[in-house]
Every structure is written in structure tokens, then in C-alpha cells.
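Consider the two complexes below, in which chain A is the common component and chain B and chain C are the respective partners.
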Partner chain A sequence: MRLLTHNFLRSNVKGTENGYPLIIEVTTVRCEESPVDKEFLLGLIPKVDYSALRSAVRHMGPHCDPPLPDLPEVLPSAVGDVPSLDDATISILHRVLFDVYLVEGYLVCPDTGRKFPVKDGIPNMILHEDEI
Partner chain B sequence: MSDLTGISRDSELNGKAHSSGCQEQASDFSSLSMKNFSRYGNIPIVETLESDISLDAKMTAGRWGGGISRNDEINSNPRRSSSSSSSSSSSSSTTTTTTKRMSRPELTGHASLFYDAREAKKYDSSSRMVGIQREITERAIELLKLDGRGTVDGHGRGSFRPSLVLDVGCGSGLSGQVLEEHGHVWLGCDVSRDMLNVANERMEHKREEAAAASHDNGGGSDDEDDEFDDDDDQDADDDPSMPDENNGTRRRRRPSPPTGDLLHHDMGTGLPFRPATFDACISISALQWLCYSNTRDQFPKKRLMRFFSSLYVVLRRGARAVLQFYPETAEHAILISECAARVGFAGGIVVDYPNSTKAKKHYLTTKGGVCVADDVDPRRAGGKSAGGKRGEKAPRKRKGVGKTKEWILHKKETQRKKGKDTRMDTKYTGRKRPTRF
Partner chain C sequence: MSLSLEATEEYILLIEFVHKHLDFHNAELHSILEMHGVQIGTDCLIRELPIAGRTSEFRRPFKILSFPWSSIGCKFCLDDCDDDAKRKKCTNLVSAFSRCTLIRGVLELWGAGPTIDDCVESIRSGYYPRRHQEGKHLGSGDGAKKFEERTWSILVHTLGSTYTREEQNDMRSAFSFMNFPGRVQMKDPDDEYLFIREVELDGQGGAVYPRHSGINKQIIPENDARPPLACYFGRVLGNNGLGRNWRGSNRIEQYSLKKRCYLGPTSMDSELSLIMTNLAQIQPCGSFVFDPFVGTGSILLTAALRGAFCFGTDIDLRVLRGRNHNENISSNFKQYNLKPPELVRSDNAIYHRHFRSHLPLFDAIVTDPPYGIRAGARKSGSRKCGEVRPISDEHRYDHVAQTRPYAVSDVMSDLLNVAAMTLKMGGRLVYVIPSMSDFDERMDLPQHECLRLDYVCYQPLQTEYGRRTVTMKKVKEYDEKKRSQYLENTWINGAESAEKVANIRERLIETAKTKPGYEEKALRRKATRKATKEAKKKAKREAAAIDAASKSECL
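This part shows the complex of A and B:
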């Protein structure tokens, strides 16, 4: 699971208010490299919940090689129509959103504590009928 | 050549006291000389024939819900599709014939049990299946109309912009692969872990290939690189100011790592995402599963409603969903499209190869969130704004426009939900009564 996916994922188990963001419990992560699409990334930024991304990076960072740096507290000018970000920021955002994967671990619903296991990079978000 | 049955069917519907919105639509459609148009209940259907018009012409902007509007466009474009699969539509229509429609895996139990490890492998390695799913996906992407140039929100023509696409019931990732080829970033959900494992393997493989390629070519840029850089949809790397992570060399564009990600999830329990996340949604050959109840606590309608209401929420404003499915009966198609309409989706069903029992394909094509804020409540609006949108909640203001059967059924359903004593639905429900004067 990419952090991009994590950023959009929320728990809808019975009893949740927001179910967001899911807490990440890391067992293993994987990092790889993919080409940066600047345009796409800029279009994506307004949709990304930055503080959720930031805390996800803090959870995942130490497990990566090399460790991920903390993201800046606020994005330079992420608000407004066209976020104008410098290339260094774009490249780090791309890296954390697209190139860092949670392979094994858990996603935990912040409201209910329901744990969603992640195996082989795939989160299991299956709910039983009585959990809805 | 002009086939008038569609029109007459339609006006017949109007005769049965349908909303003024429908009348407006009917007149819109009757401007056509060639078409096959009908309805499931209140849901507009557009049938395409191989000799039929391009969908771009059919679903013209602004006229969603089977909005065929201009004749000239239609006639200038004799073929079903411009670019993708139909260069040999007639032959492909015959090769597409042996889909799994004859056997209904949906009747055998839960999808994750049917699509087990063995079936998943079989499915993914059947070249016939791969071909069919590819063709359907190409068509679905065409119907999404975000194919790069001129995306939904009208972003610059000519400049490709990938979309974030949700693939519901992504299975072994055949549909996702096509999305990938179109340059989109996708997220696939499926209830069968075995199908997802096959998808995962493919992505793993792609990853390795991409990694190997970037190693082999780590030495520097050459002609080949330039060739790739010529691709106009890869501007990011052309930017010389971009920091290079690969020791000062340009990263290779091909083969590229996968753009998809996977999630194990049952769509019938509602999609687990934040609002306004996706630019588009496709679903290929999966939605019909929701029409069946595989365990005692599964209720098709409830599951469909959960799915559609969550889909409506997770799609961006104005984003489209194209959901190809195999309805076993007309009731299933009605059920599906009415659930979609009830949560607020505008749209209709596009039927390709309507005259072939086997190659026939239904695409529920919907658009969500268009006018959520500024729309008039269609129940109260008279006329235009309600037309073709939430037809089933059609206004009943005008004299002579009675309560439609759908309206009555819906009302009874609501009453029942509230626990009120309600008469059974019969074939007499909402039947036309003699007029009193």
C-alpha cells in the first residue's frame, strides 16, 4: 500500500465518526523509484490531507532505507489554485506518496481500534455484515 | 434506416403520465434519425450498433443521460468508436461471443469463493478472457471521456493529464493494466484475495522489470532516451531542473513501474475512502455480483445502495463512473440503475451489441456530484432540471401527471422501512386506472 492510498483510506466500520486517518503499525516497508509526474502531483496536492501524510511519513520514515526525512510542517503555498512548489519539495512529495509502500503491518481505525491487517502490500478492509 | 421504434416507445411512456422532464428528453431524442433508444423504468438506455454512431457524438457534453443531440455529428461518424477496439467490430462481436454469461458464477456463492487461487490463475491466463476484458475496459475508458486530452474538468486540450481512477472489482488487474497503459494512476478493490494476489504478482513483475531496466541504463542518456523523451505526456522528466535521483542520469521511462495499488474490500459494504477522492471510477464485469445474496445477511438492494452512496461521495465533483456489468435479467439492470439514480447519479445505460445475446454489454455510465449544491430538489422542480436525472423522483406537480409506478413502489418501500403496514407489491400496483372525466 502506497501512502497515497493511505491518505485517501478511511475506516467505515460501525461506530466510527471520521475513521481518519488510519494509524499505521509498521512491520515491513518497501521503497522503490518511479518517474515523477509533476503536473499530476500538483493536481493531487490539494486533495492530499497534508497532516495525515506527515504523520504517516513519521511512522514509516525510520523503516525506510535511507530513512525518510520529516516533511515540512506546512507546505510553502499548497493553498490556492496552483500550488507553487519547488522541485525539491515536489520530489520528496512524490517519493512519500508513490514510492514508499507498507508491505506488512496494520492499519488501525482511530475511533474504534479495529485493526485492518496489511499482508503482501494489500490492506484487508473487509468488514463483516455486523460491523457495518 | 431510421428506426422509429425507440421514439414511439418513448412517447408511449410519456403517454403513461411521465414527468415533464421525460417529455423534454423525448423531444431531444426524437431529433434523431438513427438510434435505438429505450428505457429501463425511467433509466435512459442508449443502444449502439456496430454501424452506429460514435459515443462522443451520442453523449454530447451537457446532455448526460443518453443525451443524443446533434444529427450532423452523428451522421459524420458512422462507426461505433473512433480509436479503440472496433476497427473490426463485426468480427470482434463474433469473437466476443463466448463470455461467461451462459454460466452464472454469481449463483454459486460468494465471489471470493468462486474466484479462488485456481480460478484466478485460469482467469488471468485465458487469452480469450484477457482480450474480452481489455476490449471492455478500453470502451469504459472511452466512455469516461477523460482520456488525457480534455479531462473532465476541462484541463488543457493536448496536454495529457493522468487521472486517479478507482477500479471496483479489479480482479487480477486486467482492467487496471489497461488504465495503466492509458497513463492513469489507479486503485483496485476486490473481494477475492486470490484475484488480488495474481494482480500483485503482475505488478511485482513489472516492478522488477522497471528496476532492471533502470539499472541497465544507468550509464547515461542515449538516442533511446531521447526517443522516450519525445513522448509528450512525460514532461516532468524533460525539465532539466528536476533533481535526478539516479546519480545524475535520466531515469528511464520504459518499462515503467506499475501505477496501481490494491485493496481487499467488498464493495457491498461501502467504499472506505475520504470524500471527493477519485477523478473517475470504472468497474468491469463485477457489479452484477451485488444483485445476488450470497449469505443470509446479504440484501442486494441494501448492498447496492451502500455501494452507490459511497461511490457518489468518494468521486470528485462531476467525476464519472462507467460500470460494465452483466445483468441476468432486466430487473437487475433496473435495480442497479435505480439505486444509482436514487443516490443522485445522473446517467444512463449504454448497450453495445444490443442484438447479440452473447456480445451484448451494459455500461452504466453515470456522473456524480454535478449540481449537488446548487441543484434544485428534483422532487420539487418542475420540468427541465429534473429531466433525465433523477427521473424516478419525478415531479408530480403538473395536472395529469400522476404517481408513477416507480414512485408508488418507492413510497411503499420507504413506508415498509419505517415499519408501517404496507400492501404487497403486485402487478396491479400503480396500474393505469380509468380517468374520471
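This part shows the complex of A and C:
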């Protein structure tokens, strides 16, 4: 699971108000570099919840080699729909969104504490029959 | 009537399709042209095919497109490589057409007519030889040689019938009047010319009136005397990379399911999924594609081949994880050197509860939903309705979540609603739906207020049964408040339509039962199954015995 996916997932257990963002409990991570697709990234940025991404980076950062840098507190304001970012910020954002994977671990609901296991990089978000 | 060549400002292309997936030819071509910014009706026109004084009720694997000559070289170009086109900021028609899975090749049409003589006549009165000499459309750069230096060859293509080399030479000699100054070169010439003789073809691509009898290969005189349906002569486009057989050189074979390590019973064949990626207009870079019933990832894989970033969900954890580390969805992606897809186990029935936002996120949703023919659909929930036993905390993490059957009508209404919610404006939903012969495209297809139906392509599988590939486009913003209304209005005919796609498996079995000899066949199959099972058991017992014997020897 990349952090991009984490940014869109939420806990859906019965009785959760918000269930977002999920807390990451890391067992194993994997880093794999990939070429930067600037246009694709810029198209996605407006849809990413930035504060959730920052907290995810804080959870994952120390486990990565080299450790992930802290993201800037706020992104430069957008011009129209497309954010105006310098190349250094783009490459950091690309790395945190696309190049680090949570392989084993848990996603924890911030409201109820329900743990969703992540195995082989695949989060299991299925609810048990008493949680629907 | 030969092709009208009076309007000197035209540039005419002949497209030859593969004789396969006939109903998809138009949809795929239109979709790809639209994706490359070519509007049929304004940028180019579709011309009638020439025909020899008779009508043909059979589908013909050809299409003629006419572009204004003035647009060639500025708005459109015909280079073999894309670099030039990118620099000039024009659309390369060759690379656009070559993306169509069902196109076999494209000719710059120099002449056409009902007979070979008409064809020759239309070349003589036409302007193509002169235009070729001037060479404005041949591009600049290294690839474009001067007319006098261009090597050439003429090939003969007689579809559906066989002619000897001598007979082919006779046909070829009809075009010797053109006297090309360059050298003849059969292998990789600069210009390859092609003469095509079209006859009536049936649904399988065989000749309706075959020239040779199937049994003793003798010529059937009355069929041999039949004039062709039409004749075409032209220059093959994309000759320096694709050759005459574009399809062959695009090597669709290499993506064949047979080459993949990880497969399941419902993996989608690579050809149809490649067509689906074209109907979905997946861009060479920056498309975000979603498959909510990802299964073994066969559709997403072809989307990734087209350059998409892929996201897939499924309720079945076993298919997502695969057999082992070398046989799973990601290993298939690695095989073709593609970016790994994002996979999540979630339930499409409650998509809105699994994911944070209802933001339009995806450029395309391409999927083969479960219809219970090979794999039954499931959704989260207790197996027995209304009986939910609470799970104790100590068992919470080992607990296997129960699922219950998911009615096909709900699968479809949820799919359309998720698509309407998550597609970007103008994004496309492409899905497969099976149907029996009583299916009425207008009334029985699921609908959504925010999605417009663009194409429905039918693929017959058996006489009674086939499947349709449906393409829809998001044209209206989704309104979360109208959710229940959207879901209710999915089926125009209500439950009746839903019923038609729901129990296809049962109905297929029903129809099979009415056929003569069903009982005996069923018994025979049962016996074979039993025998195989016994044999397996026996082999296992023997292996265990040998194992035990060798162990006791060691001791």
C-alpha cells in the first residue's frame, strides 16, 4: 500500500463518526524508486488531504531508508486548480505518495481503535458481520 | 461506380480491420480518433465503400476515411515515429490508428473500384502518383527519401481465397504502368504498395463463395468466375515500423493470458481487455484507472500497459494475494515491467464507507463484474439474514468475516453509482455484461442520470448467449443527496431487466438440458470426474506409502 491509497482510506466500523485519518502501525516498509510523472502528481494534489499525508509521513518516515523528510507545514497556495510547486517539493511529494509502501502492519481507526491488518501490501478493510 | 476523386483536396485512407469482434470495429476506431482529437464529421468524413453492382448484407472489414488535403502536414501527419509529430504539435495518424487492437493495416488509397480495371482507371485519373512525387506528406527528416531513391514493392492480398504466384503476378502487372523510378526491394522497402481483392466474407472471416472446395482443393468454376466485391490499391502506411500487418507487429500475442504466471478462471482475455482500454480512452501517461472487481488483475494489467496508474479492489482476499510471492497480481505486473498496482480488499457495495471522499478521482473505470456464471458475487454481511452474533474481542483478529450473496441487480446499480461518484467529468466506465437473446439494449441496460451511454458492442459466444461491452461517459455532476433515487432508477423495467442478467448460469443449464443427448453426456462427464478424483486419491495414497517406507528405512 502506498501512502496515496492511505490518504483515501477510512475506517467504516459501525458507530464511527469520522474514522479518518487511519493511524499507521508499521512492521515492514519497502521503498522503490519510480520516475516522476509531474502532470499526474499535480492533478492529484488538490484531492489529497494534506494534513493526513503529513501525519502518515510522520508514522512511516523513521522506518524508511533514508528516512522520509518532514513535509512543509502548508503547501504554497494553488493558482487556479493546479498548485504551483517547485521541483524539490514535487520530488518529495512524489516519493511519499508513490515510492514508499507499507508491506506489513496495521491501519488503526482513530475513533474505535479497530485494527485493519495489512499483509503483503494489501490492506484488508472488510468489516466483520457485527460491524456493518 | 469508382471512388470519386474529383475533389482534389482530399486525402483518403483505407482501414482494414481484423475479421474478429466485428461489432467493436466502429466503437474502437471512433473512441481512439476522439481521444487523439480527430472529430469525425469535421476533421474527416467516412466514405461509402465501393461495391460491384450488388448489395452485401455481410459486414465488410474495411472503412474509408477522407481528410482534407490541407490538414495533412499541419494538423495531422503520417510519420513512423512520434518525435517529429510532437515537435510540430500535430496528431500522428499512424500512431493513433496503430493503437486500435482491431486494425490490421491502413492504406493511403490511390485507387478503388468494383474491378481491377476500375481500380487502375481511378489511379490514372487520380492525383496520388503526382502527390507522391512531390512528397509533402512524407515528412521531413532522415526517413524521407526523395521520390527517385525510394525502393518499393507491390504485394497482392486476396482475402478469403488463394491465388497462385503466377495469378498474383498477373494482377500485379496491371499496375506496372506507374513506372516507379526507384529500385524494387521485397524486404523492407521504403514504399510498400498493396492490391486488395475483396470478396464477401462470413462472420468467421471465410469466403461466402470459396474459390476452392474445402475437400479436394479443386477450383469451383462458378465461384471463381464471380467478380470481386471491390478492389483497392494503395500505399501501406507505417511501413518503417509496422509493415503491412500492424496487428502482428504490435505483438498482441506477447500479452496473451497464456504468458502470465498468475491466472484465474475469470481472467479477461488480453485482446478484449486491450479493446476495453481503448474504449476507456486511457492516455499514454497520467490516467488513473480503477477496477472494483479486480480479481486476478487481468484488466488492470492491460490498462497499465497503456500507461495508466492502477487501483483495484476485490472482496476476495485469496485472489488479491495470489498463490505465493511469485504468482500474484504484482508478479504479473513485474513480468511486463509495469508500475505495481494499488490493491485493497474492500466491498464495492459499501464503497462510500471505505473511502474518504466522493471526489472525482479516476479517469476510467474498467471492469468485468461478477455475474455468477463463473464466479458468484458476494458482499459483506452475515450469512444468515438478521442473525448477527457479536464477536468477542479475543477473536477479533482471527475472525474470518462472513459474506453473503450479492444480487446481480445490486452489483450493477452499485457499480454505476460508484462510477458516477468517482469518475472525473468526461471519464469513462467500461464494463462487460452477459446476456441471452431476449436482452433488449434500449430497455434492459442499467442506467444512471450522470452517465451517458456511448457504445454497446455485442460479442456472440453461443447461439443463445453472448456478452456486451458497454461504454458510458460521465456527463453530469454527482449529487450525494440523490443517492437513493439514483439507485432506484437503475433499471427502467425494474426487476424484470435485472432478472435477465441475473440467472444466466441457471438459464444456460436449462437450455443445455433441452438439447438431445444431454443426459448421456452428463453421466459420462460425471463418470470421468469420479475417475479423475479416484486416480488422484490413489496417487496420493501411494506417495504417502512410499514416503512412510523411506522414513522407516532411514530409522
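Things worth noting here:
Just so it is clear, the second predicted complex is superposed on the first by the 129 of 132 C-alpha atoms of A that agree within 3 Å, B and C clash if a C-alpha of one lies under 4 Å from a C-alpha of the other, contacts with A are read in each partner's own complex, and residues count from 1 in each chain.
The rule we apply is simple: a residue touches a chain if its C-beta (ideal position, glycine included) is under 8 Å from a C-beta of that chain, and two chains touch if they have at least 3 such contacts.
Keep in mind that what you see is a predicted model, and the values were worked out from it rather than measured.
Superposition model on chain A: chain B and chain C are shown in a clashing arrangement.
Look at A:2: by the touch rule set out above, it reaches both chain B and chain C. In the superposition on chain A, contact of A:100 is made with neither chain B nor chain C. Contact with neither chain B nor chain C is seen for A:57 once the two complexes are overlaid on the shared chain. By the touch criterion stated above, A:115 is placed in contact with chain C alone, chain B being left untouched.
Once the two complexes are laid over each other on the shared chain, residue contacts for A:125 go to chain B and to chain C alike.
In the superposition on chain A, contact of A:24 is made with neither chain B nor chain C. The clash between chain C and chain B in the superposition falls on 22-30, which is one of the stretches 22-30, 148-156, 220-228 or 238-246.
Applying the stated touch rule to the two superposed structures, the overlap between the chain B and chain C interfaces on chain A comprises residues 1-2, 4-5, 8-10, 12, 20, 32, 34, 37, 39-40, 43-44, 47, 49, 120-127, 129-130, 132.
Residues 1-2, 4-5, 7-10, 12, 20, 32, 34, 37, 39-40, 43-44, 47, 49, 115, 117, 119-130, 132 of chain A are the ones touching chain C in the complex.
For chain C in complex with chain A, the touching residues are 285-286, 288, 309, 311, 315, 317, 320-321, 328, 330, 339-340, 342-347, 350, 353-357, 359, 361, 380-383, 388-391, 396-397, 399, 401-402. For chain B in complex with chain A, the touching residues are 159, 161-162, 164, 185, 187, 191, 193, 196-197, 200, 207, 210-211, 214, 234-237, 239, 241-243, 245-246, 251, 253, 256-257, 259, 261-266, 269-274, 276-277, 295, 297-298, 306, 310. Those residues of chain A whose C-beta lies close enough to touch chain B in the complex are 1-2, 4-5, 8-12, 19-20, 32-40, 43-44, 47, 49, 87-88, 91, 120-127, 129-130, 132.
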